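Structures follow.
In the two assemblies presented below, subunit A is common to both, partnered first by subunit B and then by subunit C.
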Partner chain A sequence: MVTELTPNTEPKMRARDVSVFYGDKKAVDSVSIDIHTDYVTAFIGPSGCGKSTFLRSFNRMNDTIGAARVEGCIELDGEDIYKSGMDVVQLRARVGMVFQKPNPFPKSIYENIAYGPRIHGFAQGKAELDEIVERSLRRAGLWEEVKDRLSDSGTALSGGQQQRLCIARAIAVEPEVILMDEPASALDPIATAKIEELIDELRGRYAIIIVTHSMQQAARVSQRTAFFHLGHLVEYGETSQIFTTPREQRTQDYITGRYG
Partner chain B sequence: MNELSAPSPAFGEEPAIALTRTPAFEARLKRRYAAEKRFRFFGLAAIVFSLAVLLFLLVTMTMNGIGGFQRATLTVPIRFSQAEITLPPETDSLGVAIRSLEDQGLPEFIEAETARSLGEEASRQLSPDAWRVVAEQLIDEPSMLRREVELDLPTSKNLSAALAGDGHADLQPLARSLAEQGVLAKRFDPGFLSRSDATDSQLAGIWGALKGSILTMLVTLALAFPIGVLAALYLEEYAPRNRWTDLIEVSINNLAAVPSIIFGLLGLAVFLWLFPNLRSAPLIGGMTLALMTMPVIVISGRNAVKAVPPSIRAGAMALGASPIQVVFHHVLPLALPGILTGTIIGMARALGETAPLLMIGMRAFVATPPDGFTDPATVLPVQIFLWSDEIDRGFVERTSAAIIVLLLFLLVMNGIAIYLRNRFEKTW
Partner chain C sequence: MAEHTVKAFDEDITRLRGLIAEMGGLAELAIQEGLDALVNGDEELGQQVVARDKKLDVLESEVDAMAVRMLALRAPMADDLREIIAALKIAGVIERIGDYSKNIAKRVNRIEGRSRFEPLTLLRTMGDLAAEMVHDVLTAYAARDPIMAREVIERDAKVDAFYDSIFRNLVSHMVENPSTISSAAQLLFVARNLERIGDHATNVAEMVHFAAVGSYPTDIER
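== the complex of A and B ==
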């Protein structure tokens, strides 16, 4: 099922009939969806509905799980990312990811940000690298809080700061798409609000997909929402429409709290 | 929520007092506390017992070993001005210089001087190598040649035994009288740390074996550490899980449990067959011990690599790090403390190993310290084993002293490893 919206640009990423298997178990069942840079897309649905698994197939992180297998086709700018000869390292540099639990490297704050640009050789010399680090931290809204202690360990920050550090780390590689897998689920409400603010500021610059448990969060940060249930994409549309006038009964039941 | 806060009907009638306040409950509570106290007492007792054993070991070792760092010496005044000796030119090597002094009659002169001050009988009980001590000091300090100096010269092993109250009965009166004059005594012997093995316990030193151990350990570390770490990383990060890798895993675990003498036989059969000229060499010894140490490093290395949180790997991979970058930038640095712990254990075991080295000929009598990895050498534990076999009583103390040297070496080696481990330790 392809839900046609009215995009004013070509989609950044396009998934067609994507199914993901863990061994014999089908976790995602032929899902098709378009992702645009202009807006934030939220994946919602009850636990185990396959939304995280589906998200991880956008940067081929499922490859790292031996038993996982992806069928169908996902395109980035019209190019199939699962075709043979696709460079996974390059793909992951173009499609960044932020995880559920903040996972800064046990290195300094500076090194956390500089790592990506350094392995890809983006910076010529220290000055340029400093600039990238500052720009990424500013964009992630963390610069003012950490500028005086860039050499402190990234793991010494608070949970919310760590997550923003991870977002800054992803931004530093200048990706085109950022995947966020429940980025605020381990954080308190104030830190969550900061992350949501940040996502809103990043909108338009990067195509953002956010998986979330919280329907309120989806309503707050996203412009498009996809509702998953038991591996199926039940409904995909404008966030305001999904939350006010869902077309499907199952969506209606979920957002009104009848299950989930 | 109700089921939790009130006792469920399955417990019978609503009790008059809450279940947690009955006498039976309080008695049970007391028993639980008693069990805890008992456990803490036994734990503490175990630790006290181990400390006591360790203390006993260290104290007896030190008491016995201190004598090993000393030797019996005679204090002899020597009038070099009376000697017709000229020093060889400074450009001569030590060996040539000493030989030149020997040719000029230094040994006879020293004996005569001893006979003059302490009597004919005492002069016969000088160590046959006593003049070497004088020669070395002369070369060190040529100005002595114009003065009269008092030198401490090693005695024969018989006089040394007599001083300790055993050995030949006819020497004991002489020893007593010399000791009463204050010229015969056991004095600290710095040469113990710089000489090598000798047939005379008065002249034996530990440097040859210590250097042999250092060279052997260097070879072992240089081989076992990189091979072990690479094997551990490959097995954990790259190898597919299948029957072959299971087989390899079982083999490595078994290898770690193989008795060490088997590795000695392997070294004898393979390494000495390949390099027949390197019998007794630290290179072969190190290779043999590396075989033994490697499985320990592989096993601890795999566990350390396994303990690195997957989230760190995922984070690096999501930034576009290639698999090898993930391994060398993130996994290895985080696993290093654990790998080093395994290396300490493996190296400590290798340092104390005797049996496999006996098989490859490192038990030979080696009187000169090895100059390199391919020279014949012996190692500390083998030296201890050889000395403990000697009949000469002087070697008993030398053996204890050698054990102290071995323990200190172990302490230094582990200290370095623990320092490195703490430097790399990171929290996440």
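== the complex of A and C ==
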């Protein structure tokens, strides 16, 4: 199983000695990790362990928080994303993000998808844009449910559909990496299952990192799991190994509910 | 081992381990008394052993039900998961050990001319070894001790050696005196049953090792 998952490609993203500070407080402490397109990587850990903060440093979302400061190096295809002159808007198109609460634009379903490709100049005309909208919605498993109501408002969809709409929106700009921060925690089990199935289908096409508080979800959707505690990366390994025979006592205590 | 935040989970695990310990105690007793009955021609004791085997079946179903419930409701991970999987498998194996002992007890009235059979004393010694393996593997289970589990596994070779020796002995009895064939054949089955009990104790030891450290003892030797 290990060999099957061992990627023979270069990592898509590479973090080296990354620390993130909020003012004087060190939220992430010198973390290094490789992220590959071949599999889904789950970040788990108790609240305040730094996993979401670390996730946000992969597309410089922390830049929007004034007091946040990132040290170390994060590369996308070998290029330092924190180097000066980096186009952050372009970066966030290549490294998309899906949040805990679905946040569709208060516009039509069609416009939610078309907006990104249009401003990034991905489409030459209406026909091409239509094609992108359909392809993105299909990949997000939403097309059949919304194809007859593309002009309806995105906010009129159910929570699960809204979240898949947000994933479709992220996909529409042809990202290479998708960051997901608790993408299913506000959804019912059926909608959650659809998101998880979708994540599995997207695997291999995009490098996916998912932050989740649900151990079972991490076990179900990921092939690699990283356990964070107090800003440290405690253990990183094959998901089945982490959940059956963790090497570190702290990992074991956390995933078996003995933590604290 | 640190306690779970959810206390009821610890109670479930303690109860599950208690059931396994109870099964182990019954199986060990069944081996000893089954052999006592056989060696002494004590039919009443033999019947008791047969009757008591039902209790093992009941306990095995209890372990099954409890393990399935814990898997469904607690979604256990890591050592908790291994603990429950091991309990599930160990219960099945101990139930089999009980069946073999019952099988021995059933043969009490099928042996003629006990005094002539020197293999009977060999069977007694072999049975003690097998019962000791069962006893010690359950101690290892209770202590979550992988080293002790490995020691039990190593002892299986002795039981196998007894089997070979008893086999040869019984065959020579049969060759020399065909009138003993019927009884000797019965004892051959008994020896075979004891040999299987040793194998099953070895299986339990492997599960104890797995539950404790997450790998099988053979993984290390390979």
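Here is the rule we go by: the second predicted complex is superposed on the first by the 253 of 260 C-alpha atoms of A that agree within 3 Å, B and C clash if a C-alpha of one lies under 4 Å from a C-alpha of the other, contacts with A are read in each partner's own complex, and residues count from 1 in each chain.
In the analysis below, contacts are C-beta pairs under 8 Å (C-beta built on N, C-alpha and C of every residue); 3 or more make two chains touch, one makes a residue touch a chain.
Everything quoted here is computed from the prediction, not taken from an experiment.
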Partner chain(s) touched by A:165 [first = subunit B, second = subunit C, both, neither]: neither
Partner chain(s) touched by A:103 [first = subunit B, second = subunit C, both, neither]: first
First, second, both or neither for A:120, with subunit B first and subunit C second: first
First (subunit B), second (subunit C), both or neither touched by A:59: first
When both partners are placed on the shared chain, which of subunit B and subunit C touches more of subunit A: B
First (subunit B), second (subunit C), both or neither touched by A:90: first
Touching residues on subunit A, where the partner in the complex is subunit B: 59, 61, 64, 66, 89-93, 96-97, 99, 101, 103-106, 115-116, 119-120, 153, 155, 166, 169-170, 173
Complex interface listing, subunit B residues touching subunit A: 240-241, 309, 311-322, 325, 329-330, 334, 426-428
Subunit C residues within the subunit A interface of the complex: 2-6, 9, 75-82, 213-215
Residue numbers on subunit A that touch subunit C, as the complex places them: 215-216, 219, 243-246, 251-253, 255-260
